[in-house]
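What follows is a pair of complexes built around chain A, which joins chain B in one and chain C in the other.
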Partner chain A sequence: MKLKSIPFVCIAGALLAASAAVGVYLAFLSPGEPAARGGPAVMRRISEAQYRRSIADIFGADIKIAGRFEPEARREGLLAVGSSKVGLSATGFEQYYNLARDISTQVVDEQHRSLLPCKPQALNAPDDACTLTVLRRFGLPLLRRPPTEARLAELVEIAHKTTEEHQDFYAGLKMALVGILASPDFLFRVDLAGAGQDRPEQISLDDYSKATRLSFFLWNATPDAELLAAAARGDLERRSGLTAQVDRLLASPRLEDGVRAFFSDFLGFDEFDHLEKDGAIYPAFSPKVAQDAKEQTLKTIADLLVARRGDYRELFTNHDTFLTRRLGMIYGVPVDSRTGWDRFRFPADDPRGGLLEQVSFTALHSHPGRSSPTLRGKAIRELLLCQTVPAPPNNVNFAVVQDTNNPNFKTARDRLTAHRTEPTCAGCHRIMDPSGLALENFDGAGQFRPTENGTAIDTSGELDGQKFADAAGLGRALHDDPLAAACLVGSVYRYAVGRLVAPGERDWMTWLTKSFTSDGCRLPDLMRRIALSRAFYAVSGTPRGTQSAAVVPGTGSEEKRE
Partner chain B sequence: MSSKCQFANGTAAVAVLGLIGGLYATGVDASASAPSDAPHTVQPKDTRGFVVTYFQTAHSFALTKQSEECPDGFTPGLQEVVLDSLPPGRLKDHVAKSMGDRISWAIRSSDPRMCLEPQDFTMPVSKEVQSTVAYGDNLDGVTTEDDPGTANSCAHRKFHGPTGELVDNQFYRAFGCVHAFNGNVAYSGNLIEDQHHAGRKDGEMTILIEVTGVTDDRNSGNVKVGFYSSPDATPYDGQGKPMQRASLSVSDNPRYRAMAHGRIVNGVLTTDPVDVHFYFNAVAPHKDSEEYFIRAARLRMELRPDGSAKGRMAGYWDVEKAYNTLFAHSFPRDLLAEASFGYTCPSAYAALHKYADGFRDPKTGECSGISTVYDVEATQAFVIHPKEDTAALAVTTTSNR
Partner chain C sequence: MTGKISRRRVLRGTLQGMAVAVGMPLLDCLLNDNGTAFAGTGRPLPVRFGTWFWGLGYTPSRWVPQKIGADYDLQPELRYIEPYKHQINILSGFDVKLDGKPNTAHYAGTFGFRTGTAADEPDRSLLPTFDVTIADAIGNDTRFKSLEVASTGNNTDSYSRRTVNDVNPGEGSPVQFYTRVFGPDFRDPNAADFKPDPDVMLRLSVLSSIKDQRQSLVQEVGSNDRARLDQYFTSLRQVEQQLQLQLQKPPAAEACRVAGQPKEAPIGYEVGNVLANHKLFAELMAMALACNQTRVFNVVYSDSRSQLHKPGSTAIHHQYTHEEPIDKDLGYQIESAWFVERSMEAWTTFVGALAALKEGDGTLLDHTFVLAHSDTSFAKTHLVQALPVMTAGSASGRIKTGIHIAGNGEPVTRIALTAQQVMGLSVERWGGGSMDTNQPLTEMLA
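Then we have the complex of A and B:
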């Protein structure tokens, strides 16, 4: 089939056609919760992970997905925000179309056919009723809302004609499924919104958009059948119904998937895909070590924040983690399990404890052949404190910093001190280096080292006035820094809504941050508070009937950074 | 339920407790409790672990000129033996063949049972080493060069060590003039040992050493030294160097665990004698007969600041195990080896028994162990014991001392 014959509905058309179902604005606030008018509706391309998870959830985990995905874009610190800023290139669409064809082929093959809700009356003839049954069954979870009757009729007609052409019912059904999988309604999460019934001055997401936003936020997955059913019943418009669904999602083991997805984004773990180390300098570091390092941090986070409901800020001081033998060689500690993960606790006085000392941080924010206090300090500022560090000027001379064998500058501190004599460099390095130098006991692969070139490493420093002697002190400084908690709250919210915080949400964000800290900085509580807020579902702008991401683009100015 | 967190710098979180506290987490302990299953932690400070990265019979041939070592030439290999059995007319034809063809022909001409049942065949015995210097240790304590033997050892001639002391190394005497064990020989020199070393790099024979009770890396008067086989392969980096700090498991089989008393003096670890089994899984699924069984083994190893160690282990290599490990793997590799490397299985088997000098059977008077010394190199590793291995191995001593 040629591309031009794909049952492709253009984005605007799909949005307008599907926007008949309009939600109502939640008529309730949590105690003390300021009103928030929300931000613009957005349209977010689903990520590769979300695509794979959706297919596995709907068709089964044994469906193979082999192909390339459009690259994601990081905006304002998050891929989740970037997902609402990206489109789909012609080449990218071709890739998604090939994926859709391969997946549909597997869904209708003899191995998986038994999972379909009906069998055709004849294998070589159209059966519109059966086709319609299948499309209703899979269209709902794939599109995250019921397909319109017009859309279904169009797909049934495609299946009918293809079946007649090939004398094969499943060939026709396959093309109808391709039509769904290659459609923008599947590839993009589209906010559909309209005026609320009881608060007509406020635009809010419709029920299915609420369900979608909720499910991707808490599970990083497409809404399950129960959540879609709740949306269909209008349960999400009622406090009790929404609460029941939010608590169900939070109580599920799949909450861990959602938390891991957020932190993968928040900590920039997509950079692991490009991480390389010089094997001659760091022979113990391999691509498998890199993957283990990422997983170590995610397991640590899930354990502390989800399983143990711990304080987020303990991530910077927590000595409990998980290790493989490969990682054991980097950390220099024994690991019992020959093939799996061991729970591991560093002693209280061990310099390796919190998130900052983990290989996922020290190695990721280093150069291929040497550590980098500057990159580490920049990551602390930008990732963990949500501050912006200006890019260096184009004409900077890095020769002194890069020469790790210079006998006059044996340590990174020596080299950076010399480098900072450049006035154009001094300003930024002053805010990055003091924290990054505290991690100099960890080389470019994250291995502990007490000395560099035979000289003892000075790990003292300060973070916004709080002085410390070593990496553990830096961890405590971050633990105690109010900006760290505020950064997390702002990032979780931006991740959840896929956009920047809108001006009208400033008071609400302040309230959210204070609530988070006063509750002991428990991430599940924060996620619940967001999921139950009306800000989470509110859409800014003036009601003009039915609205959608495509027709209400970015009303109101957006803040540069919360 | 929820605990209010205070910032250490005095910035108090705003209290909205009570207003929102009831929304969630009812009945949930909000404090982050420690993990329920006990986590593992760093190695005890009094423990030093190693994985052996090099373990071969010591290269005594390097101490002597070849003309003094093997003045009568080298032990004939299978192809030489077969060629010698030919009448002059046929010999000429075969000598003219290529090496590969001669080896193939020698194998085809030989009885395939030769290596599996070497005692049933008669071949020229090994030519023994004539030099007087070798690496080794004085295993039976006799202080005369012509060792008459003791209640536990058989008569033999001792070597002088590089610094003049009397040492036992009958393995070198028996096989120093065999091509496959003599690195001075350009053709196939030391080839069997090199093959074994390559096998060890593939994880076919991983040996762990663990020293506990270390109070000082330079001097600790009373330490325990565990010797273990491991099912894990030693990890190597992209440049072929063994990697430090690997976690490697001790075998589940108690047969492959032994422990000795030891001491560290000026950074050199020495142990009392102990019987050790190291399994060797080079050819087929492991059989007990294919293992290193070294009796009255004693280790002398320098512990280096970089975490590595280097030294030698001396002991009596059980002759039957030595034969199985070195010569009798399985047909046709054995015949190929003896045809290529300059020995015959029957001669090797006979030499092991002829030169055996330790573990004398009081009834027959024959010895079943041959004094041998191995070069040992090791690098830092973590020795992981089986979970059920809660009771420490008792320190054992050999009955030969």
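Then we have the complex of A and C:
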């Protein structure tokens, strides 16, 4: 291993002696790219999806993972940011521990043991060399860095003793694997700082942390063998080595996994886990429809942004999508395939086109038994434009807005207009309603409806001064809104680093957004630019090991850990 | 590779063919001095503590008893508790004091009550909810330090947390809950035979090897992440505890009769499903307590902004509280009140489940202290003043029951302080800001 992880406090000391600290970042900068000082290192709990992917990649996709996972937490708009805040409850550890036992049992069972890198000399006796070989093989990708020799020795000893107890080599091996699968450095991705031989004064992630951050960002997966080998060789310290790995990951079909994972987080798709629709009011809707709706959007995104390398903004106007027969029932269009997905293009003049008109948006941001222009408008503001809508006052009277049987206010627009006469409500509803009302042609399940209570629905509105007549116009307004692109860029970066953008990164973020839009808003290009940047790996702020340690000049306190 | 002398090496030769016994004595200081005894052992029965939560409060005119003290009257929304009225206290008129902090809807009341301090927006509180504090004190000699369930099926519907970032998730499936508590790792305390599993010590050695990593890891991270790592190792301790308990024969538990696994049933916010799953959870939780699997529990009937809904209704409970006009003739919101009554019906079901199990010279309920509360008082306005609170059970005679205490604007922290003291914690004062108090509800103490 070329690099050795060292506590930040040591690096901080080194940097105190290197007053030109900021200058070191210039080495990797692209033309015109401002220097960014990075943000604090983070420790992120791996998500359920990442856990499952890691096990499948390392032990095989047929390993069953039948268990519960600790709930994730959304912070500052993203689960990815929440992952660097959450701990692990007693219930959660118990669940992960039981998963570790179940997985280890399968890994050594007769069906899978042939996949292990060695066979014991005898089935009923310890074979420390074979145990060590297995632990080295799996410990590296599971922990995303080589386990220490001391730790391996402990685990081998446990395996040895268990084998003696049971007269079964594989019982011992299983016990040792539990020691890795239940460990904190598997369940958490811990950023470690390193200093390269070429630039010992530089504060940034060590090579294995770089590999981990890179792989989870681009693939939502643990680093593969090739990336780990590159980390071991120190390739990621060099521009050419890093570029080779980034381009390899971007060229892989697994990039789609990474893009899907980002958008699942960005669009709040975890809400699908508890989405309910009233069966009497929306008989066509079901949990399977909900899952299909989520998948429809992810397939559409992957097709447009990854396969076709399209412009992100076209998501709001794009009429090409994929449908199942179940979804066809909701959209009211024929779908040939009985069980699978059909590529489908809505006609150019069809109101159902872009992301906003998809069931994953209209149904997710509705009540169980009715649509909600306010929830939809709020989602547009908060999810897609990264704006904050204040919470409503506590004693708000919704009597008018919610009474769908009031003969004087037949449509949601009528009711919301009446509601906006309340001065305390008007401010926020002016922000949310004009965009949300444009989607009123879609009921709470996402089904098209031209009228409500026998009255034609008026879908006109405006978004930050841009007026439109219908949902398609809203899509075009969002397409043209520079905030939409800026929101995506900021969200991708926060997702990638698992924290807020630090003040010392603001110029860099401005440059990143400008580069994104001037290059046609291509998501893979944005991901590449981030993955190759100094900012992505730079670390500033809290020194390791102690809060009272010296602060690095020019890099401290951009973002205090909470 | 195995040449070094280590803690685990000491294990060698200690397991083969012998029954290992690691003493896990009950903590006598936490037992009720006046309690009855474990059948056949002479040891006192444990006192259990739990919370029961429902969302969106009550209708003030239909819930709060008119009469203060014993033999209180039952208003329409409380009439369901009649069979257990003599074992239930009504605590009305206690306030969450916001101290100028925002009344974050459905949040300020819940966590103001549970942490004793009004929360900021956004909440970054590192204070534990008081059930966690109690569990830390009395939950260390049972399989589970505490057990949490969410009748809504959503495991994020939980109001028990060590910090804002360490929430104890609620199990949402009765089947999963059954499996967790009464599945393969369950040891029937009344079983005639007991043979410790020799694997237990080996499994403990694995956990010990994981704990060995603490020192090197905490050196690598900042103080906040260090706290998160410490939480991980605290959580690991529960599994260690579970394993250690498997090394000794559990004390007999008279009321422990484990029923069969419940059948899979629909889960979600539809009120019929919530009521059905809550009933299953009530029975399973009562049995978990009777079988000494835990001493602390947290039950969520409905979430704090109650997404419960009736089939065919365009509105959920939460929407009704805002939108529904007050009926001119009846003087209250009819639909909203219907949901409140279902909540009180469910509360009665829960109390009944504890009362149904005979234990010692009384019932499980007699050896339990349950604290029920909501997030708001009158949900239409989201008030956090006059939060509705109830207690059930006498905690083995430590508290009086069947009384109505009016808070008259006193801080709700007096209730949680009382609960902690009743459960044996050495807590003299509790709460922050203007909710800081050193005054327990002495009128409730026996």
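As a working rule, the second predicted complex is superposed on the first by the 505 of 562 C-alpha atoms of A that agree within 3 Å, B and C clash if a C-alpha of one lies under 4 Å from a C-alpha of the other, contacts with A are read in each partner's own complex, and residues count from 1 in each chain.
Definition applied: contacts are C-beta pairs under 8 Å (C-beta built on N, C-alpha and C of every residue); 3 or more make two chains touch, one makes a residue touch a chain.
Because the structure is predicted, anything quoted here is derived from the model rather than measured.
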Clash or fit (per the criteria above) of chain B with chain C on chain A: fit
Partner, of chain C and chain B, that touches more residues belonging to chain A: C
Contacts of A:Glu94 with chain B and chain C, given as first, second, both or neither: second
Which of chain B and chain C A:Arg313 touches, first, second, both or neither: first
Which of chain B and chain C A:Asp519 touches, first, second, both or neither: first
Partner chain in contact with A:Gly279 - chain B first, chain C second, else both or neither: both
Partner chain in contact with A:Gly504 - chain B first, chain C second, else both or neither: neither
Which of chain B and chain C A:Pro146 touches, first, second, both or neither: neither
Which of chain B and chain C A:Pro351 touches, first, second, both or neither: neither
First, second, both or neither for A:Pro34, with chain B first and chain C second: neither
Contacts of A:Ala73 with chain B and chain C, given as first, second, both or neither: second
Closest approach of chain C to chain B (Cα atoms, Å): 11
Set intersection of chain A contacts, chain C complex versus chain B complex: 279-280
For the chain A and chain C complex, residues of the former touching the latter: 5, 7, 40-43, 68, 70-71, 73, 85-94, 97, 128, 132, 151, 153-158, 160-162, 164-165, 175-176, 178-179, 182-185, 187-188, 190, 192, 273-274, 276, 278-281, 367-370, 391-392, 394-399, 401-404, 542-545, 547, 561-562
Complex contact set, residues of chain A against chain B: 30-32, 247, 250, 279-280, 283-284, 303-304, 308-311, 313-314, 320, 325, 328-329, 332-336, 338, 342-347, 350, 466, 476, 479-482, 511, 514-515, 517-522, 524-525, 528-529, 532
Chain B to chain A touching residues, read off their complex: 2-5, 7-9, 11, 13-17, 19-21, 23-25, 28-35, 37, 39-43, 49, 232, 235, 237-239, 241, 243-247, 249, 382-384, 387
In the complex, chain C residues that touch chain A: 1-2, 4, 6, 8-9, 11-12, 15-16, 103-105, 124, 144-146, 148, 153-156, 162-163, 165-169, 171, 176, 180, 198-199, 202-203, 205-207, 209-210, 212-213, 217, 219-225, 227-229, 231-239, 242, 268-270, 307, 309, 311-316, 319, 322-325, 380-383
